[in-house]
Amino acid sequence: MTDVSQYNGKFHRASSPSPNVLLLEFNRKPANAFHDPFWMEMRDIIERVSRDGNIRCIVLSSALDKFFTAGLDLDGTSIGKAVNLDAARRGFELYNHIKDFQDAISSLEHCRQPVICAMYGYALGLAIDIASACDVRFAASNVTMGIMEVKVGLAADIGTLQRLPKVVGNGSLARELALTGRKFGAATAQELGFVSKVVDGGRQEVIDAALVLAKEIAENSPVAVYGTKHIMNHARDHAVQEGLNYEAAWNASALQSNDTAASILGVRKRQVPVYENLPSAHVPAKL
Amino acid sequence: MTDVSQYNGKFHRASSPSPNVLLLEFNRKPANAFHDPFWMEMRDIIERVSRDGNIRCIVLSSALDKFFTAGLDLDGTSIGKAVNLDAARRGFELYNHIKDFQDAISSLEHCRQPVICAMYGYALGLAIDIASACDVRFAASNVTMGIMEVKVGLAADIGTLQRLPKVVGNGSLARELALTGRKFGAATAQELGFVSKVVDGGRQEVIDAALVLAKEIAENSPVAVYGTKHIMNHARDHAVQEGLNYEAAWNASALQSNDTAASILGVRKRQVPVYENLPSAHVPAKL
Amino acid sequence: MTDVSQYNGKFHRASSPSPNVLLLEFNRKPANAFHDPFWMEMRDIIERVSRDGNIRCIVLSSALDKFFTAGLDLDGTSIGKAVNLDAARRGFELYNHIKDFQDAISSLEHCRQPVICAMYGYALGLAIDIASACDVRFAASNVTMGIMEVKVGLAADIGTLQRLPKVVGNGSLARELALTGRKFGAATAQELGFVSKVVDGGRQEVIDAALVLAKEIAENSPVAVYGTKHIMNHARDHAVQEGLNYEAAWNASALQSNDTAASILGVRKRQVPVYENLPSAHVPAKL
Amino acid sequence: MTDVSQYNGKFHRASSPSPNVLLLEFNRKPANAFHDPFWMEMRDIIERVSRDGNIRCIVLSSALDKFFTAGLDLDGTSIGKAVNLDAARRGFELYNHIKDFQDAISSLEHCRQPVICAMYGYALGLAIDIASACDVRFAASNVTMGIMEVKVGLAADIGTLQRLPKVVGNGSLARELALTGRKFGAATAQELGFVSKVVDGGRQEVIDAALVLAKEIAENSPVAVYGTKHIMNHARDHAVQEGLNYEAAWNASALQSNDTAASILGVRKRQVPVYENLPSAHVPAKL
Amino acid sequence: MTDVSQYNGKFHRASSPSPNVLLLEFNRKPANAFHDPFWMEMRDIIERVSRDGNIRCIVLSSALDKFFTAGLDLDGTSIGKAVNLDAARRGFELYNHIKDFQDAISSLEHCRQPVICAMYGYALGLAIDIASACDVRFAASNVTMGIMEVKVGLAADIGTLQRLPKVVGNGSLARELALTGRKFGAATAQELGFVSKVVDGGRQEVIDAALVLAKEIAENSPVAVYGTKHIMNHARDHAVQEGLNYEAAWNASALQSNDTAASILGVRKRQVPVYENLPSAHVPAKL
Amino acid sequence: MTDVSQYNGKFHRASSPSPNVLLLEFNRKPANAFHDPFWMEMRDIIERVSRDGNIRCIVLSSALDKFFTAGLDLDGTSIGKAVNLDAARRGFELYNHIKDFQDAISSLEHCRQPVICAMYGYALGLAIDIASACDVRFAASNVTMGIMEVKVGLAADIGTLQRLPKVVGNGSLARELALTGRKFGAATAQELGFVSKVVDGGRQEVIDAALVLAKEIAENSPVAVYGTKHIMNHARDHAVQEGLNYEAAWNASALQSNDTAASILGVRKRQVPVYENLPSAHVPAKL
């Protein structure tokens, strides 16, 4: 097994509670408020994990007892402050900043491993952007969520408005929550279709449940798991026929794995099949 | 506050029950059946409201006790009647008419303010096209809904088939309702994910509930509210990355408002922040 | 009425329990496992039915007591077996095979008649691809479903990953099921929004319920029913404005039917309107 | 023949030099500089012409001897001037203005009749946006063109950057011209593929050539001509298969005209076939 | 080498003038007018060739001295004739017919081998639809071309309007030709960018030139040639980033061929590299 | 002026021959063959330049006398070599590598400054991918170009097949060149529409011409230049209306620059207007 201590950071804690599973916890006291170095570190870790063949599933949560995250660190942002630039040039600065920030959150969607987001306590603002970019969302019954951006004069621009409505089952409720900035709990999150499980309790309980799921996924063929995530991402953004075409091209190589034979052998021998890891890719060296 | 009497019409009643909120009620007795002048007036009002900075949220309902709307005024339509044209030329007439009609309904989607649709009593046929083009949908418990077009030999062409499946959570049920023309009540609408609230009672109760929500939205920053609606419309119709790109361009200017500073100040002073209206735009003069 | 015995096949049983309704049942003992000739036959039948104006609605189910289908016939597939080709050429073989297989399943989506899928017993793997390509899904309470592909080292490439997430209301749950290959029952299918009705019982009960719906649909105008299905397929894959544009072009001819007049006459005379069948189209002769 | 004097305006001169052909000339001395009322009038005229079945082809040019148009009337614009709004609210004003302006130019693309743009003399800035929205472009040998916006601190936002590269044959040259704002003549326009004919001379010569083409088009079936323009607009913006699908829906009614029979009869009788006009549509009354 | 006599047909003549090259010639006297059985046969042949690994390049031309093709066989079409159906049902018939016809022409685009179209003499109407669906177009100097559909009351619906503008360099000229139905010769075709070579002479000369090119292509790696055609088709219809994504998925298997090693070896040994054919795929048996 | 020595690299030479212009030259002897560190360095430099407000235009060329670039360094690639992985896992390795390589070339398209590509001598294989990603292409008369990938068993996957056909005027010729791998000179490049200028001579002459253009662009408003490039990139990949929508959002802030006022003042005072640089953005620190 890989040494996951390489994924510890200034604001992140990494551990591997079961084989091929990474538990990554936000860890910036007192409330996991996100300033630039925080999300830049998250992106860096996720991009390195993505290319690590030893990790097959990620659980994303927090190390703080009461906070998944309180959202953006408003003291750390320049939005709303005076600058000495005309509005066009100031606009370009903001544009660059938004794109960098978006890319950091999108790294969760793009990484090869499924990401299970285990939310509890306060999970506000950016929490929803982050959770929306994950594959699976679990909530503790003590969670308080909110699409808070509208309350500070902003349209959420880091992914909630783009991703959340595509994964829930009530567009009217999604708009209510986004337009009011109203806080909501686990029951509403479930009714909305935003989470697939509500776990009685708080931080520990929801992380435990997420780890059970992660273990189950990590035991499946990593070729199949990576392909399933990758194809579902693609399918969400394309017409059905377009998705089928892409899938056919993707599977032209992915079906040439040893894993199907291993699966069938496993079924016949009534043994748990063993799958090789994906090859680790080198992150392009920074020059 | 703006004088909303300018938004009264032959078939519409306008009032402003709370600051910056417009209540617009259909008002064509006996059943709000839609003929051409009715939806043309609706479009005209909504397009003017859209450019009125004093209005921050719209509640759309009806002034008639039993009818949100019974749908299309079949006596007022030429469909199904003989004409003295070859089928190609007749087809062009129909094409023009459909496009005009579609554009009228789409004005609800395109206007700057969120629109909350408060349905009750009979909400049939065109009612569903209209509600689907709104941002939030509430229903009274006495509502009778129906995607009735199939019952009169038509595929609904004014928006239900395009918009409804994208905002609900059960595609199988959506097709059942569209293919049968079956009537359904508030419970089914909620199970489907079409409405986000069912209010016990009828017309008055559901309008009251919608006005509470409208007031909440109207007190938020209009820059943030307009942006949130605009971006959610865009996101529905685009891949996630495409939506993020557009959002970044949009927010390059939208983040340069005074509203974030006002929000933060409000939080710190524990006062309700006060936001300026959007600038009113002149509707291009008709020549 | 058409003679539906022409739609019997080696692996399919055809009957017409009510006017203009075709009940098509899978029929390959012992478990409806799909090898190539099975799905090729299904495509051939569906494409011929599509052009048959006498059929207005299809119910798709199985003739076997315990199995809707157990999924792919793994003995009948070459996946996972050695071949004497370089990986590029082998990839082209797989690509061709996947495209043919996809096209067979997509025939359900493309055929002119709505297809109601009545599932019960084991409905595994390919069952979900097939059901996702249908318009309406009913399940018996005894059903056991599963997106099983990940369990045999594959990303499902015949349509589940493309279509299922677009018709359900909980993206997190959809990914859970696809990434784990976990089996699930009728309650989960309903909570997910995958089926619109759960029928107490098994094979007979769910087929009966589907036939009631089929009869209701078959009595509506076939111009309206075909258009509604066709337009909903289009709308799913396009932005709203794009869908509206296409609908306007489509209805330029479709509104020139006699069916609207017949509907209105029916309402006025309080009689059930009678609609002519669609014209049958000749399948292009095979050369 | 229709009375085209209804299409005269404060800034436009209308005439009908041959049957079913409208010659529309810009007419604001001294240089056809465009302020808001000018392009609003153009839109109004074009939208009315579009629904006039008597007009089958439009030639767009100018009544001034030396100027097709010198472009935007910079004295008439608020861009670059101080306003008393925060940058977000000012941005919304600009956004609204740009959309209105774009829609005015796009009316040329959307109108049912082909538009032939006859350029000569100075055809700068907005001239290129306008010409790009037309179907066919002719230039007099004396023309001076230029994508001038970059010279006044702007990215052209009324259509040149969107449309011109899609209709020319050298993307490198298109970018050179847009990034430098360099003026260019008829030879470059032809080498670029922007015009299909260069006519020796100036205003009169190029208008005469355009009228010859217009007459030829106006004698063809208006069902076929309208369809050809409409479908080519659609095809430009879509993948080929998507374009074919739309075309099939469009032609389902358009092929049911009397014009094909008239054409074939004409061929057999060696007579010029006579086609009926399209039906005129009423512009929705302004309320 | 494969026996290409299997590709002879009632209206087609097949030969193989050099290894792995198929010359397919239209052969319906006196003018290659296309009725339904003609294009149905063409589709059948092309689809079988597509799956034949022995064929690496196709030259498409005609066996008749003066005619590539005169276009549609108007005596063989039902367009413009009376039918006993309402316009909606008649529209569905036309829709089905157009789709079948389009699919026949699109088989040229979808087949694995590049198709070189060698035009001469009369190449009218459908000739342009066919040529537009090919990869490379050569013209003899004696060619007479024309987008003739507008002359018989139709908007061309089999592919010219969708494909031609995307492969030429002067959108204004493309519209002129489509809107007038004007005939044009080799010089205009070249100026337009529609053909890449004009060959002095007629039938024999242009076929000879096409065969030289076909031989050159057939000697390249068939993995590379198939991939290049397939990817260029995809790229034409997608945004650049989308095309790059698809290409990466495609090449994940295609780069695992033996052909690159063979190429490099060839360069080093100064020998012509020898590449294996693609595997032949079985056309799914017709049931 | 910025110190451009920071943009020197192991394989790149940077200089600034005129204000705000960067000349970047490939510099890996003997033939600028690209191995991974070479294109990784190029990406790193271009991404840093992109955020440098002092650079307003880039000329990309080579420091070697005879070679723009000979293309891929085949000794430095693992393609075609044996690996100890199943084809699926090997496919994922290739996929990752292709994506990284593509992103490096795409950095030229995404950077804020226009890039003028000055080609001469051998400009083969990857040279065409690179040139296609630039804004403007100039060629010396001594250039030898070639889309060589097909000659080594590959479909070009780094951008040529995606970008080149969208910027040229003869799709038939583009396919000929890509399918044969034939070498071609400046005249063909110009006929194809791939370059906008052919300069008599070789390296020095074409670089000089490119620098003249770069100087002209660098003197324009950088707000306008950046916007023009950005919008033209967007427009290439979108339908026209979609492009217009995006442009309106972009210009909502970009029109709020001081540059329009400066331009107008310049015109009135008959002085060269002076524009401020764009703000430099910090590249996110590498963690």
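Per-chain residue numbering starts at 1, and chain names A, B, C, D, E and F are given in the order in which the chains are listed.
What we mean here is this: a contact is a pair of C-beta atoms (placed from the backbone, for glycine too) under 8 Å apart; a residue touches a chain by one contact, two chains touch by 3 or more.
Since we're looking at a predicted model, the values are computed, not measured.
S.K.: Chains touching chain A and chain F alike, please list them.
M.R.: Both-contact set = B, C, D, E.
S.K.: Among B-E, A-D or B-D, which pair gives essentially the same interface as A-F, with more than half of the residue-number contact pairs in common?
M.R.: Going through B-E, A-D or B-D one by one, only B-D repeats the A-F interface.
S.K.: I'd like the Å distance between the centres of chain D and chain F, where a centre is the mean of that chain's Cα atoms.
M.R.: 33
S.K.: Among the residues of chain A, pick out those that touch two or more other chains and give their numbers.
M.R.: Residue numbers touching two or more other chains: 87, 90-92, 166, 168-170, 193, 223, 236, 249-250, 252-259.
S.K.: For chain D, which residues count as touching chain A in their complex?
M.R.: 87, 90-91
S.K.: Under the definition above, what is the set of chain C residues touching chain D in their complex?
M.R.: Residue list for chain C touching chain D: 245-246, 249-250, 252-253, 256.
S.K.: Report the residues of chain A in contact with chain B in the complex, numbered from low to high.
M.R.: 74, 79-81, 87, 90-92, 94-95, 98-99, 102, 106, 109, 149-157, 159, 161-163, 165-166, 168-176, 178-182, 193, 236-238
S.K.: What part of chain F is in contact with chain A in the complex they form?
M.R.: 9, 36, 40-41, 44, 51, 85-93, 96, 100, 223, 226, 253-259, 276, 278-279, 281, 284-287
S.K.: Which residues of chain B touch chain A once you look at their complex with the stated criterion?
M.R.: It is residues 114, 135-137, 166-170, 193-196, 213, 216-217, 220-221, 223-225, 227-232, 235-236, 239-244, 247-264, 275 of chain B that touch chain A.
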